[in-house]
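Beneath this line is the structure, given in structure tokens, with notes to follow.
Chains: A, B, C and D, in written order; residue numbering restarts at 1 for each.
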Amino acid sequence: MTKEEYVETINRISGTDVRKCMKCGKCSGRCPAFKDMDIKPHQFVSLLVKGDVDALLESKAIWHCLSCMACVERCPRGVAPAAVVEAVRDTVVRMQGNNGVKAEDIPPVVDELIPQQLLVSAYRKYNK
Amino acid sequence: MQEVTTEKKEFVPNIVAFCCNWCSYAGADLAGSSRLSYPANVKIIRVPCSCRVNPSFILKAYQQGADGVILCGCHPGDCHYVTGNYYARRRMSLLFSFLNYMGIEKERTRVEWVSAAEGQRFSAVMNDFVKTVTALGENRKLTDLRVKEGE
Amino acid sequence: MQRIGVFICWCGSNIAATVDVERVAEIMKSEPGVVYSANYQYMCSENGQQLIKQAIKEHNLTGIVVGACSPRMHEATFRKAAEAAGLNPYMVEIANIREHCSWIHKDMEEATEKAVVLVRTAIAKVKLNAPLTAGESPVVKRALVIGGGIAGIQAALDIADAGFEVDIVEKNATIGGRMAQLDKTFPTLDCSACILTPKMVDCAQHEKIDILSYSEIEDVKGFVGNFSVTIRKKARYVDETKCTGCKICMEKCPSKKGLNTFNMGLNTRPAIHIPFAQAIPNVAVIDPEQCIKLKTGKCGICQKFCGVGAIDYEQKDTFIERQYGAIVVATGFKPISLESFNEYGYDDNKDVITSLELERLMNAAGPTNGVLLRPSDGEHPKVITFIQCVGSRDTSGCGKPYCSKVCCMYTAKHAMLIREKYPDTEVHVFYIDVRTPGKNYDEFFRRAVEQYGVDYIKGMVGKVYNENGKLMVQGSNLIDNEQVTIESDLVVLAAAIEPEPSVRKIATLLTASIDTNNFLTESHAKLRPVESPTAGVYLAGMCQGPKDIPETVSQASACAAKVIGLLVKDKLKTNPCVATPDEMMCNGCSQCANVCAYGAITYIDKEFRLGGGKTEVRRVASVNPAVCQGCGACTVTCPSGAMDLKGFSSKQIMSEVEAICKK
Amino acid sequence: MKISYYPGCTLKTKAKDLDVTARLCAKALGVEMEEIENWQCCGAVYPMATDEIATKLSAVRALDHAKHNGGKLLTLCSACHNVIKRTNEDMKTNDDIRFRANNYLQLDEPYGGEAEVLHYLEMLKTVVGFDNIKKAVVNPVKRKIGAYYGCLLLRPSGVMAFDNPENPTIIEDFIRAIGGTPVIYPFRNECCGAYVSLKNSDLPKQKSKKVLMSAKEKGAEEIITACPLCLYNLQVNGEGTLPVKYFTELLAEALGVQV
């Protein structure tokens, strides 16, 4: 894909209009995963507006977003930063060999208590 | 039978433009004072507001042999009479469905918002509209045939 | 038989260079109905006009067409000329053969042909013109001001100073409005009460001003120059003419737990009270929801102690009907409800307050006598965090889409005053943008930062929560790309403002238009910013859009100028090109009244003769020519085709269409 | 009364307690939860990407089943509730998703969001009524209890329409109904760390700790939740700060229902 196609794809599958952002930073003010994110929620929006695909696709933050919707809930402009993060993560994991969770990673973390829900949701979020 | 190929004149459409007094008519004046030309077959009727234009005026124009009708008013929100152009817009959308039902090409009728400052736009809109109607050719559907007897 | 005269202007070479004016004039001579046709170099000149006047007289013309420049240019000139020659000015039509013809076409043949069609079209129209006379309506020389805040006060004073009677109708028990609640005012930091209360006193003492406090607009009839307004004077249970404002009743009243609305509910007040010390009128009012006597019939202590016998528990609402020539709407604003903004913890934490509450906390006449103390425990707050844009610029549906305009400045003011008075206090401000256009405004804001060391943080707050007795303000700092949490003692929210909700009812009564945010709409955003599209109604202050005190005062004075300009006239000339119904065709369906933006159409029951001595009463539309603006919306809406517009009748427009289309 | 019930994967295995207590309590309160046939895992997270259709189909199947069986679909696990409710909204309002999902499924009659998704808590509130629960309590839970909502039940509030997203009250009302004292603490609507536990256990550790500390600071003696993943994260990362239970366990205790 070309850079423009990436921008188009991310915009389309995010389903949110990033141009409505007024750069208030409320999303990042609320984000519980803020400190673990190399690119912050508001930057996902502004980088997409700018079309800086490289920065987005290389971001590590896509593996730390909790999809807790706090940013979506509070955006005064009706923008959904979490949907942009998800669109970027989907764009990344849909590429060959980019799955975030490898099968061999699982057994060591499985303990007595771990609920199916965790494995299913992590697979859905991180893998194609 | 006429020889179509030799006798056919270049088709020049006859176009009626309804312009509201406050914005579009003034826009047309500005086009004039800025010497921005558009074809001479566009002729303007001044109305106080686009909402004064009864759809029947437009049907009358077609019946009388007009090939295209354009209605120009103030931009939405800028109406001198506050909400007149919204009424016009609603009525025109009904008229469009009616014309569509009658089989009149929808491109023959147009609604455009032109402000008093948009002389450039007025001329551009008219040039474009004349081009569109010329491409469509003569309006035959609604014309009262008696009107064209003199040809 | 119509006798039409045609006058083709050369406009020097402006028309004559591309239109063969002589040929056009010649062709018109053989048009049916035309008895005279001429051309001249400059029709608008003295000589040109003379030519027209002479022709009208000599040829006994019944109508004239001038082929010249745009009617927007010289229609009035030619109408005057016609009138001078004894022809009704509305028997003049202009064919625009300059702007719409000679100036945009190069080919002489083509332009001449078009000019012929345009002149013919004008002839077709003028044949159907009817003589029209501008009507007259009388002007009642009294103005009504709705709302007694600074906007209403200023407008009333200016109108009264010009010598006209003014009534101020204020729904609260005192005039003064929001400004009376403020502590200091930006950018000069003078005390609000010090500059406002003298004006309130001026109002009370002005012989031309009548203050109707604790009153509301009940009904409005009539139109520009002659409104008839019904005002409800709510029962205050105190005789205004007797009460001296001695306040003994307040002291003795046993029901003292009512929320003091003037202090934004930060403390309490008795059931019988005077809203604040400098209230105008300085007369008590009883809150019937709180008064023991009015609720249970037992008590009556205030009556017992009142030395002048002013207390009247039997008082009822009364209605006054008055006539006005003009109405100024100055209903003001209120801060929005914060129920959709629970992330800031306003409902859960006493120490999260709004800016207007802070105004009261800092005001020397406020609940803390001007000492800044936290509402929860009465301690001095050491760290204060301000949050701007709470509900402003919000398109998510929780708040308002507009910028409230005053918050940036008053937040800077608050921050500065706190740092000035309590230098050991740390002040933080979360902002999205700082907007300070205005004379000395940005300098003012910069002073807060540079001189007073207020910490401005570009970013927005995501959550305010209570932890170990501290208010934790968690937000973003976009400049440093950080998330910060500020341990605060007091959090101040710059809540968005919205028009006072009662304005909706008033707008409906006045048929004044209102936008989706409940702000009243001005007639023209740039050129008629103080007039409502409804003639005779003027707008001042926040009811028209967010604005600060200087702007409000300017707008109020501008309103006053407009009102004075109206009231000095004895009679108003009305535009004769108005809608008129054919009563025989009208079926009384109300559709025309529904589309009329001006409320010009009403319905009357009229008796019609049916012949044979029988009569029938039918409901038919009636247009008030003084109010109708002549847009024509009703003419198209009318399902029976009964409504028509003088000067632009359906027949006239149809004949123009025909003339253009004829080949 | 009978009501179609969607249990979800975890309630059949690691969160059996949640499922079993819920069913027994419902029965005691006069509601029979009828497990729908052939349900499939909802996927545990709502796929936000607008082009994801296949991952929403299991939710649509369950919804369509409920549409033909009483019109209501009862959920219990917060994640299932979130996925199914949001998918239902898509089917109701998003023409593109509805068209494509129906194209895949080829149901006898296209599904257009007709079913109503009801969380067990909403069922307690609107179908049974907290007042009736109060009357049925034999063994009041006289403890100070912190309700933990997490994110899935509340957000996005426009779609979930569950409660006030910043100041919810439904679980507090529930706690009062079973005789407990609700403890309101600011982190009850913050995320526990969710699925990120699998890749980065630090973040859930911090987040869960913060939730528990916040509840403890305000005086809670225990925490209740409706989500197996929240329970897991809070238990594993809480290191015994506070006991964490399913809300239905306390309901069973209060109603005297023997498990």
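The criterion applied here is as follows: a contact is a pair of C-beta atoms (placed from the backbone, for glycine too) under 8 Å apart; a residue touches a chain by one contact, two chains touch by 3 or more.
Note that the structure is predicted; figures quoted are calculated from it, not measured.
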Comparing the two chain pairs, does C-D have more C-beta contacts than A-C, or is it the other way round?
A-C
Nearest whole angstrom, what separates the Cα centre of chain B from the Cα centre of chain D?
61
Rounded to the nearest Å, the gap between Cα centres of chain C and chain D is 51
Distance in whole angstrom between the CA centres of chain A and chain C is 48
Each of the following residues of chain C touches two or more other chains, namely 343, 463
Where does chain A touch two or more other chains at once, residue-wise?
70
Residues in chain B with touches to at least two other chains are numbered none
Who touches whom among the chains?
A-C, A-D, B-C, C-D
Would you pull the chain C residues touching chain A in the complex into a rising list?
343, 389, 393-399, 432, 458-463, 474-478, 481, 483
In the complex of these two chains, what residues of chain D are touching chain C?
164-167, 184, 186-187, 214, 217
Any idea which chain B residues touch chain C in the complex?
14, 16, 21, 25-26, 28-29, 31-33, 35-38, 40-41, 43-49, 51-57, 60-61, 64-66, 80-84, 87, 91, 123, 147-148, 150-151
Complex contact set, residues of chain D against chain A:
8-10, 13-15, 41, 43-45, 47-52, 55, 77, 79, 151, 154-157, 165, 190-191, 193-200, 202-203, 207, 228-229, 231-232, 235-236
Interface with chain D, chain A side, in the complex: residues 12-15, 32-33, 36, 63-64, 66-70, 72-73, 80, 82-83, 86-87, 90, 100-101, 105, 109, 111, 113-122, 124-126
